Amino acid sequence: MNRLKTRWIIFGGLFLIVTLSYLTNIRFKSVASPEIQKSYDYLDSLPEGSVIMVSFDHEASSLPEIQPLALVVLRHAFKNNLKIIGVSLFAEGTAIGYRLLSQTAREYDKTYGVDYVFLGFKPQQISAILGMGESIAHVFPEDYLGTPTDEIPIMMNIVNYDQIEMVISIADGALAVHWIEYVGGQYHQNIMTALTAAMITTYDPYLASGQLYSVIGGLKGAAEYENLLGQPGGGNRGMLAQTSAHVYVIVLIVIGNILYFRGRKNGKA
Amino acid sequence: MQQRLPIAVCFIAGALMFLQYFSPHPVARAVFVTINDYWQIIFAFTLLVGIAAFVRTNLRQISRGKEAPYRLIGLAGLVLMPVLAVFGGIKIESPFQWAFENMLAPMQATVFSLLAFFVASASFRGFRARNAQAVILLAAALVVLIGRVPITEMISDTFPKITFWVQNYPSMAARRGILIGIGLGSMTTALRVILGIERTYLRGE
Amino acid sequence: MDIGLIIAGVLTLAIYTFLYKDNPIYKAAESLLIGLSIGYALVIYWQTTLVDRLLTPLFARGELLMIIPLVLGLLMFTRFSNRLSWLSRIPIALMIGAGAGVAIPAMLYARTLKQISASVMPLMDGGGFNVEALVVIVGLLSTLAYFYFSREHKGAMGITAKIGTYFLMIFFGATFGYTVMSRMSTFIGRIDFLLTDFLRILA
């Protein structure tokens, strides 16, 4: 069998397995892992009216994985009447952050400018996040839609990170590292992240050292959080397909190794 | 002049931004804010330069007849977004946001999702237990793949426990080693840049 | 059906045609994606940075000092001229210098000292023997030994570096596992869109 045919079989197999698993619509109950429980408990413990900053530090490419993660954070915050300042340090995260924040705010009947605000995007992440340590209104003189920041009610008592309980970076790359190293380091700000699964191991040392408060990781993390919230969503819907895809990859690894060892044995003989 | 002026600018900006870390004095904070503002604004101009280069290259290729239809589509896409923003704004119900949500974001996410297929293919072709290191690599990957799905959690909570142990201790230790190495390397390079020893950024016109 | 969903669905399928092989439909979609991405970034940068950080302060509020970053920014365009391109090094030098300046304390404190302290401290407190802390210390030191190239990897150094490779393989393996998880999640998200929103097979 030539390489191209093998490739198409592998691709076709994945397409079929994920599609069929998804169509069955079977749901699992994901048990909350310690990290998810810690994140949930923290947001749950904040008094009503506390201000958190949610930074959409991701691109559109990871949206399918990021969206369930972002939604659990936003829903939990709005459910507990926390106030949200939304920013973005990736250009593509801007339109996504704006959409998710507006959509979730509508679900909970929140008012723009009073319960939440979206300040938009600023380039050069390190410069932007360090600048906010001095003055958020200086870095963001206007919100995303052009309203002067100092005229927005939610921003009237906010100068810098001192008035913000937690920064939650929703990230698909190393951007949250800047929050940890620069804002955590220089301004001693609490940092939490919601990460794509691929980035989880990158952040483990910061988690172990306490520089990072907690991580909500991957679609599985989103599913666990959804269960804690009592609002199953994209994370839960994807769990059977996720499991099937893992099994498929494991089977491919096993077959690949069997063929490899058989080939080696025949070669030696 | 062509070398000395940039090196001097780099030294001054670098030294001031380093020293401000230690001072809460208003002058130090003002200097920090000013340089920070310049840094951000200049960075935005770099994107404009990139766009100008993109347009120039594409127009040249079109005039030479190289893949002209595709390049025209690219340029049309580039023009479309600013036109939509100018005439319809960027609010939630604007055509600009609509184009982002229905054209850009789905395509971007789909391109990225192609990686799922290549990862599956790579697992079949490249993940071979050739030696001790490869066996360990394979075992660690399997521990994560098995331990982070709900079915194994339902069978026994030992599966996720093993995954978290591997992740939190041996895996984290290696990552920490890499992190400290990068930290020391970045620090040294930053110092060399500020002192004008490292000048690679001056190369290239 | 919403026209936006139809466009999004068709474009999604156009990208997936690449799985068969490279073809004109994929290439057209890819070109459109590149153009849209750049056009989008242009709008966002213009609206949220150049207007509110530069043009409004300079022209609407008369903050004349903002001419400095404007001139520095415009110098970037000298890269298109053979004779004047050296001038673009000035704004680049400012950005690189500023980045280097803020990086030193961050790298020293947050990346190096904090990480070393987090490795050593668990060994010291608690009183009892801590297997996990020992694993971390052994893993950390052996990984660092592997990346230490100023001495030949022979004898005790060679053995330590070899142990380091085992720890690195555990990290790479775990990262691979999570990467598979992540990529599959992205694909599942697209399948969700196709089945639920586009084809409406699932309500």
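First chain written, first letter: the chains are A, B and C, and each begins at residue 1.
We take it that contacts are C-beta pairs under 8 Å (C-beta built on N, C-alpha and C of every residue); 3 or more make two chains touch, one makes a residue touch a chain.
In this text the structure is predicted, and so the values were computed from the model without any measurement.
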Worksheet entry | Chain pair, A-C or B-C, that carries the greater number of C-beta contacts | B-C
Worksheet item: Which chain is most remote from chain B in terms of Cα centres?
Response: A
Discussion item. I'd like to verify one number: the distance from the centre of chain A to the centre of chain C, where each centre is the average of its C-alpha atoms, in whole angstrom.
Written reply: 14
Fill in: Separation of mean Cα positions, chain C and chain B [Å, integer]
3
Fill in: For chain C, residues contacting two or more additional chains
19, 37, 40-41, 45, 47, 49, 53, 95, 98-99, 102, 105, 107, 111, 115, 118, 136, 171, 174-175, 178-181, 183-184, 186-187, 189-190, 193
Fill in: Where chain B touches two or more other chains, by residue
21, 36-37, 39-40, 43-44, 47, 90, 100-101, 104, 108-109, 111-113, 116-117, 119, 123, 138, 141-142, 145, 148, 167-168, 171-172, 175-176, 179
Worksheet item: Which residues does chain A have that touch at least 2 chains other than itself?
Response: 11, 14, 61-64, 92, 95, 122-124, 127, 130, 144, 186, 197, 200-202, 205, 208, 218, 220, 242, 245-246, 249
Worksheet item: If you look only at chain C, which of its residues touch chain A in the complex?
Response: 19-20, 37, 40-41, 44-45, 47-49, 52-53, 56-57, 95, 98-99, 102, 105-107, 109-111, 114-115, 117-118, 136, 171, 174-175, 178-193, 195, 201-202
Worksheet item: How about chain B: which of its residues touch chain A in the complex?
Response: 21, 29, 32-33, 36-37, 39-40, 43-44, 47, 90-92, 97, 100-101, 104-105, 108-109, 111-113, 116-117, 119-121, 123-130, 138, 141-142, 145-146, 148-151, 153-154, 157, 160, 164, 167-168, 171-172, 175-176, 179
Worksheet item: Taking the complex as given, what residues does chain C use to touch chain B?
Response: 4-5, 7-9, 11-12, 14-16, 18-19, 27-43, 45-47, 49-50, 53-54, 68-70, 72-74, 76-77, 79-80, 82, 85-86, 89-105, 107-108, 111-112, 115-116, 118-119, 132, 135-144, 146-147, 164-181, 183-184, 186-187, 189-190, 193
Worksheet item: For chain B, which residues are in contact with chain C within the complex?
Response: 2, 5-7, 9-21, 35-54, 56, 69-71, 73-82, 85, 90, 96, 98-104, 106-117, 119, 123, 132-134, 136-145, 148, 165-184, 186-187, 189-191, 193-194, 201-202, 205
Discussion item. Please output the residues of chain A touching chain B within their complex, sorted ascending.
Written reply: 6-7, 10-11, 13-14, 28-31, 33-34, 59-64, 92, 95-96, 98-99, 102, 122-124, 127-128, 130-131, 134-135, 138-139, 144-145, 186, 197, 200-202, 204-205, 208, 218, 220, 223, 239, 242-243, 245-246, 248-250, 252-253, 255-257, 260
